[in-house]
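Please go over the structures that come below.
Both of the next two complexes hold chain A, though its partner changes from chain B to chain C.
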Partner chain A sequence: MTGLRYVYAVCRPFDAALQSQLTGVAGDPPRLLAYGDLVAVVSHVPEADFGEEALRTHLEDLDWLTATARAHQQVVDALTAVTTPLPLRLATVFRDDSGVRLMLEERAAAFRRTLDRLDGRVEWGVKVFVETERTERAGAGAEPSAAPDRPAPRPVSGRDYLRQRRRQSRADDDLWSRAEEFATGLHAELSGRADDARLHAPQNPRLSGAAGRNVLNAAYLVRRDASEEFVERVDRTKDDAPGIRVELTGPWAAYSFAGEETGAGAADGKKAGDGKKAGEES
Partner chain B sequence: MTTPSRLPDPYGQGQSANLADILERVLDKGVVIAGDIKINLLDIELLTIKLRLVVASVDKAKEMGIDWWESDPALSSRARQDELTRENAALRERLRELDPGRVPREAP
Partner chain C sequence: MTVVERREIALVDLLDRLLAGGVVITGDVTLRIADVDLVRIDLNALISSVNRNVPSPFGD
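So, the complex of A and B:
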């Protein structure tokens, strides 16, 4: 089959078979393209959809983007089950196999370094949400109207009304500061159990569909054999704090840690990682 | 090469995985390599990436009725201002109702 080559990930050669039903972004099953001690995982995609102009147009199409992102992730996910893949960003496309091999050749040293660093590790995502009355209403998409749907008992006097508002706002303030303390503590503890950590921008509830406001959105690089303990630790926090919700996702391929370490301080990653830098190759 | 040891069961993954979680990773993380097909995701007029939210272009999003960023106080200073103004007005109205004659009509 002709067409372009879509690259999902780079990894070391592996023996295990991928799921037989696995298909890539354009329905073509992913194949392994070896170069020395590295393997690129590629599938064939039609130029009509993945040529420059078509691709640019498609990326503006939410349905297309969604389907492609899920297919990309599915392949990377299947790889994570059998090896440690270095996931590439969505829509990395070459003309032909030799273009892919050339890329592997040029970047072989960096790939090896990163693969060694990530070897035997996966990424876990941890998010903390605050569920105040206010954010729940916003999350549900309600019009921020004046007062009528407030569930508190209808105030009988102006003084009652003000008192109620003050109590509500004090309760909110209290919840926010507890949430901040909770998130900071959780991040410190989980960072201690991980080989690396990144803080990502909070997600918007209108996109994620999650209730509440996202106050912590972090990724942790954890050894496979330490993952069970890590997950248990996160699970234990779940009932700790009323009004605060913890969500765990994973195991993911180490997307958030796939970029080359740049600065000297980046190695321990305990500090708030910069999401943008994390993905950038020099 | 290490063979993966057993992993806990997936959390919030697979077909049901939150689109936001997937897009956050495949669009914004992962290794950036310039392929033969030159697409810089940051050049795509996706509101998505600038705001880390993924919903198609601003116009398209508006068409789809997704315009929350204009009214989300965290994203728009105008919305923040609007919210304060609205709240202020609502409070005044309420006070006037309850205690007529003691509330000035205009802000000092």
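So, the complex of A and C:
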């Protein structure tokens, strides 16, 4: 099969076989393309779908993006079972095998450094949500006044209305500051148990469909042999705080730590909870 | 508080990593699309397509 080359990840050579039924983003099984002591994991994709123009259009098609992202993840996940892959950004495409080899050659030193840094480590995702009724409604994209879906007491006067709003707003502020404190504390604690940490932008509830507002969306790079303890620590937050929900995802390949410029200070620029107003409707 | 572990990976979690993470190859690579600005545009497009296709559970 001719066509373009889609690259999922770069790894050290490994002996174990990938699952035989594994298919890549366009249904073509991934194969290994070796260059020196590095291996690119590659499959063939049709130019009609992965040429620049087509790709640009496809990336705005949710169904296409979903299928491609899941196929990409499936390959990287299979690699994670047998080695520590360095995942590439979605839709990294080359003309041909020699383009891939040239890329490996040019970036070999950086790839080796990063692979050494990630070796034996996985990524865990931890998200903190604040569960207020108001954020749920705002999160669904509905106008608060358009969906009076629960029987709030109707204010009888303007003064009542303002009093009610103030009360609600004080309760929200209180929950917010508790949530921020909680998220900051949790992030500090988990960062201490991880080799590295990254803060992602809070997730837009309209895209995630998750209830509540996302105040912490973090990724932690953790040694495989320390992962059980890490997960248990997240699990223990269960009883800590009412109105606050914690979600754990993983283990992932170290997507969030694949860049070159990592370091302990990387997550410091942004305080946990900074994004609390993100996606706010009014 | 509850700690939730989902079996099926949510699309947003996937996109956080596949569109914002991973090694970005620059240079004379023939095609590379997912740079940050474009991704932001894509996500906006996605949000509107999500809202078109998925009726709000809180509507009506």
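Note that in this section the second predicted complex is superposed on the first by the 236 of 282 C-alpha atoms of A that agree within 3 Å, B and C clash if a C-alpha of one lies under 4 Å from a C-alpha of the other, contacts with A are read in each partner's own complex, and residues count from 1 in each chain.
In this section, a residue touches a chain if its C-beta (ideal position, glycine included) is under 8 Å from a C-beta of that chain, and two chains touch if they have at least 3 such contacts.
Only a predicted model underlies this, so the values are computations on that prediction, with no experimental measurement involved.
Visitor: Of the partners chain B and chain C, which touch A:93 in the superposed model: first, second, both, neither?
Guide: both
Visitor: Mind working out whether A:4 is in touch with chain B, chain C, both or neither, as first, second, both or neither?
Guide: In the superposed model, A:4 contacts both chain B and chain C.
Visitor: Is A:82 contacted by the first partner chain B, the second partner chain C, both or neither?
Guide: After superposition on chain A, A:82 lies in contact with chain B alone.
Visitor: Touch test for A:176: chain B only (first), chain C only (second), both, or neither?
Guide: Neither chain B nor chain C is touched by A:176.
Visitor: Output check: A:246 vs chain B and chain C. Expected answer is one of first, second, both, neither. What do you get?
Guide: second
Visitor: Between chain B (first) and chain C (second), which, if any, makes contact with A:237: first, second, both or neither?
Guide: A:237 contacts chain C only, not chain B.
Visitor: Identify the partner contact of A:35: answer first if only chain B is touched, second if only chain C is, both if each is, neither if none is.
Guide: neither
Visitor: So, does A:200 touch the first partner chain B, the second partner chain C, both, or neither?
Guide: After superposition on chain A, A:200 lies in contact with both partners, chain B and chain C.
Visitor: If you lay the two complexes on top of each other, which residues of chain A touch chain B in one and chain C in the other?
Guide: Common interface on chain A, chain B vs chain C: 4, 7, 10, 50-52, 55-56, 59-60, 62, 65-66, 69-70, 72-73, 86-95, 99, 103, 107, 114, 125, 147, 200-201, 203-204, 206-210, 247-249, 252, 255-256, 258-259.
Visitor: Using the touch definition from the top, list the residues of chain B that touch chain A in their complex.
Guide: Interface residues on chain B, with respect to chain A: 1-2, 4-8, 10-15, 17-33, 35-39, 41, 44-46, 51-57, 60, 64, 66, 68, 71-72, 75, 83, 86, 89-91, 93-95, 98-99.
Visitor: Which chain A residues qualify as touching chain C in the complex?
Guide: Touch residues, chain A against chain C: 4, 7, 10, 50-52, 55-56, 59-60, 62, 65-66, 69-70, 72-73, 86-95, 99, 102-103, 106-107, 114, 123, 125, 136-137, 140-142, 147, 149, 200-201, 203-204, 206-210, 217, 219, 234-235, 237-249, 252, 255-259.
Visitor: Using the touch definition from the top, list the residues of chain C that touch chain A in their complex.
Guide: Residues in contact with chain A: 1-6, 9-25, 27-34, 38, 41-43, 45-47, 49-51, 53-54, 56-60.
Visitor: Help me check something: in the complex, which residues belonging to chain A touch chain B?
Guide: 4, 7, 10, 12-14, 50-52, 55-56, 59-62, 65-66, 69-70, 72-73, 77, 80-84, 86-95, 99, 103, 107, 114, 119-120, 122, 125, 138, 144, 146-147, 157-158, 161, 165, 200-201, 203-204, 206-210, 224-225, 227-228, 231, 247-252, 255-256, 258-259, 275-276, 278-281
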